[in-house]
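Heads up, the next two complexes both have chain A, just with different partners, chain B and then chain C.
Let's look at the complex of A and B:
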């Protein structure tokens, strides 16, 4: 019985959240359109959280993802200002993400600074660069090519309701591809299994021939590129870029990974579990907004729910530790 | 004179009788040595004395008053203090603060009275003749020897408890240099001169002979003898420690393989290893012996790439081996580390994951995508050959017994068809049944042509299994002995570089 609660408590909690909104919002919540909305709203978060899972598998963190997302949005918009074509600008922004991620990796694995400290520092650096490049302003309007903004609004049609065509948003497709890719990397390749081994016992892994340093270094490239991609998705969705628009992603992404960890059998980060965590956060946000819960109250509620879920899971695993 | 008496202490762990009817008396004003091989029951006895474990039967008395069992607080109030070999200095705190970790800080108006704090520390240091240490300096500025002395001095700081009168020192010199050990001996003399008693646990024979007034020898959980130092000696103590009937725990001796030279080390040095030259042929087992800290483990780590080689070279089949674990594994050197939990296993993970970890690249399609079926098959196959007992290969290693955990590490080592197998304490914390299986496995692997290097602190194991035994002294591979016909006493004597004739006659 206790075992059942431990194993499936998190899942039951998630179903309860969905059921709660389905009952309280009978007309709107369980509709296809609403779920497409939710999936589009969480697509950026899903990309960042999936790549965050890659470093958290090793027991590390990347706090710089939010400011990297802002930076990549600002970079792509600035390049548009200078007349770059869309593919080149997008590629350049992703390259910035790759370089930033590798830089994080070098600082963490070669220099040996704790990830918390190292990425806190690069968070500030990336954020400062975003302000420098954009001169602190929001870039929008005619400077952004229409095709770039249209991408987020478009998508392949999947049906029609009362003359309105319903599309599967492109952003959702991008997020799904990223999650699938990370799933393959983490679960189906020797690279991913070695990352899990580092998280399990890094000294044992080293002595068993795992090249810990290069692996840690490259794993941070995933968060770099992932957050740059999320920044582009965001910029496309709002057809503008400002140097702070990605900042909220970091804490929510880490929260999503932790929520996901409460679902896995061994408490490990797993990318599909992370996806479930992302969806829960998305559903909470969407449902509470529809119920017109004040946005400040919403933050208090979401924070409390994260604390309760992760806390209960920790208690279930090892009991209360008073001393 | 105060006396601590242990009456017929017994402690059993599962099928293992760790202590059986051990009685012992230690008085104030004497250094009483406690000796025995690994697994003889010394640690269990100390844990019981410290109140960290309870005996199944037996009692402890101080001058006729019974001491509450299993209570570290009661033990402390009775005036006993424990000095362990591992040092736990708190970084960033001064010597004086480290000395006050388990005493209340002196206060004035509710704030720390730094002058009184330093004064109390200085007074305690002075009682041991350690005026040269400034209590306001950081603890981490001191070497391990001085840190140990400071820890001893800290026990002299006054408190509500009965003043300490009996010190239990567990291998205090294990991490100390000779000069540091000398300073410790001075302090021990000082303590005894002030009326304290010392229960001194050590493997180091010269120290014991020099310091102690009486020696108690334990073997297989039983007390063999307690004798005044004048009635015993090096030879007798060694005989009493080792006089065990090994029975048929080990496979029969065979003539060593004389295949080609597989592993060769020339002028090898690394951290903790000053120099080693040796070669091992296919089908041979080289034992590595020596006291703790002699370079036994460091030799294996240097070969396996776990620590960087500072000079010299290791070669396998004539090819130089790179100095990193991943290169060593690739070149056919597999390693079973000493600390199963911290250096070996991914404890919470499945057996398959643990076994295949060094061999993942070979178990992939297109050098990248895992072939999980092949991983499972390989694990099952190797698991059978090492007689791993588990519900399934996806069982978590945390749920396995010590012996089976060790077999998981053997399976890992063997899964890549290595040429060289490095074993560091292969039967540490393994029960006797699994032990004999592991011995048979090691012998079988050797017969199959593997070159094996096995470091161990277990003398019967070294003699029973090895073809030759390399003796490490002070970080050097000092000499290599033929194992056949070697007695434990003769081998132990080589640890201390004593001539065998001494005391035998």
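Let's look at the complex of A and C:
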């Protein structure tokens, strides 16, 4: 019995959340359009959280993902201002993400600063750069090519309801590709298995011949590129860029990974579990908004639910520790 | 964001809320923490309460993409109308969703867009005309005027255009300089520095008759420069626009800063509610931008 709760408690909780909204919003919640909305709304978070999983597998964090997302949006918009074509500007912004990620990797693995401190510092650096490049302004309107903003609005048609064509949003496709890629890397390659070994016991992994430093260094490249990509998706969705717009992604992404960890057998971060965590957060925002719950009450509820889920999972694992 | 709406939220969250029969209106903004926005929203909810509507105020705490998400959600929920306080160009994807569902969107000082049925705001042209004419009349249509403008930001650019026209219509007014201050630090410090340079370049008492600023911060900067240079006794007339608390205090103290313009934020909120009511009544709005009157603030009414 305890074993069942321990193993499937998180899953039951997630199903309960969906069931709750399905019952309270019978007309609208379980519709295809609503789920496409939710999947599009969480697409940026899914990309950041999936790549965050890569570093959290090793027991590390990357706090700089939100400001990197802001920075990459500002970079792409600034390059648009200077007349760069879309592919070149997008490539440059992703390159900024790669460089930033590798820089995080170097300070964490080669220099040996705790990830919390190192990425807190780079968070500030990236954020400062975003303000510096944009002059603190929001770049929008005619400065952003129409095709760039249209990307987030479009997608391949998958059907029609009452004369309205339903499309599979491009942002959802991008997020799905990223999640699949991270799943292959973490679950199907020796690279990924070694990252899990580092997370299990870094010293043992090193003694067993795992090249801990290069692995940790490169793992941060995933969060760098992933957050830069999420920043581009965000900029496309709002057809604009300002130096703080991606900042909120960081804490939510970490929360999503923790929520996902309540689903896995050994409490380790798994990318598909992370995806489930992302979806739960998206479903909560979507459902509570439709139920007209005050936005501040919504935040309190979402935070409480995260706490309850992770707390129950921890209790299930260890029992209550009084001493 | 009253306790009442918060409680209503909790009640409906636990499934006790009765289905709403009244008109359902969602107000969505990323900027609720900003003072101006709070006044809009308070004015809107007060009027909506009189009309017996159910209003859901959604604040995304600065997240513009979340505004799109929440527009999608309230469209799915099936609200009767949506009110936004964010640049429509940034939330086009959400506006398209609302348009596809036939739900009208009204802007509360949001900017114009084909997908916004009407935008309720203050008339920037009229505000600039009022302060520019105040300056021209105070100096009897004669003397040197320093202008502070900011053409990169469209709502402020229109103010500059009108002031140019007013001053050009007085043959004896000479625009000494038309300055675009650096606003990255708020605009006061750089405006002060620029004004100090102009004061040095025009040392003759009376050579500068007035300073016209397109918003309050440069006016405050110019005031500081004039006082620091000890030239506050020359009768240089300063005007701003927006009537922020600092400007009001300066105007009330009876110094060189003589006038500014106050936008009626509460009135914008109330008029936005009335505009929603017209749309829900089936009226086709011909006038897509609706202006709410502003008020000239002088020492007579600055307190």
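Remarks
The rule we apply is simple: the second predicted complex is superposed on the first by the 323 of 323 C-alpha atoms of A that agree within 3 Å, B and C clash if a C-alpha of one lies under 4 Å from a C-alpha of the other, contacts with A are read in each partner's own complex, and residues count from 1 in each chain.
Note that in this section a residue touches a chain if its C-beta (ideal position, glycine included) is under 8 Å from a C-beta of that chain, and two chains touch if they have at least 3 such contacts.
Please read all numbers here as calculations on a predicted model, not as lab measurements.
In the three-chain model built by superposing on chain A, chain B and chain C fit together without any clash. By the touch criterion stated above, A:248 is placed in contact with chain C alone, chain B being left untouched. When the shared chain is aligned, chain C comes close enough to touch A:291, but chain B does not.
Between chain B and chain C, it is C that contacts the larger number of residues in chain A.
Applying the stated contact rule after C-alpha superposition, one finds that A:152 touches chain C and leaves chain B untouched.
Legend: residue contacts after superposition of the two complexes on their common chain; A:266 is shown touching chain B, with no touch to chain C.
Once the two complexes are overlaid on the shared chain, A:70 sits clear of chain B and of chain C alike. Contacts of A:208 after superposition on the shared chain: chain B is touched, whereas chain C is not.
Of the two partner chains, chain C is the only one that A:237 touches; chain B does not reach it.
After superposing the two complexes on chain A, the shortest C-alpha to C-alpha distance between chain B and chain C comes to 37 Å. On chain A, the patch touched by chain B and the patch touched by chain C do not overlap at any residue. For chain C in complex with chain A, the residues that touch the partner chain are 1, 5-6, 8-10, 12-13, 15, 17, 24, 54, 56-66, 68-70, 72-74, 76-78, 87, 89-93, 96, 100, 184.
Chain B makes touch with chain A in their complex at residues 304, 306, 324-326, 328-330, 335, 337, 342-349, 353, 357-358, 360-361, 363-364, 368-370, 396, 412.
Within the complex formed with chain C, the chain A residues making contact are 23-25, 27-28, 31, 33-34, 37, 40-41, 44, 135-136, 138, 140-141, 149, 152-153, 164, 234, 237-240, 242, 244-245, 248, 285-286, 288-298, 301. If you check the complex, the residues on chain A that touch chain B are 184, 188-191, 193-194, 196-197, 200-201, 203-211, 266.
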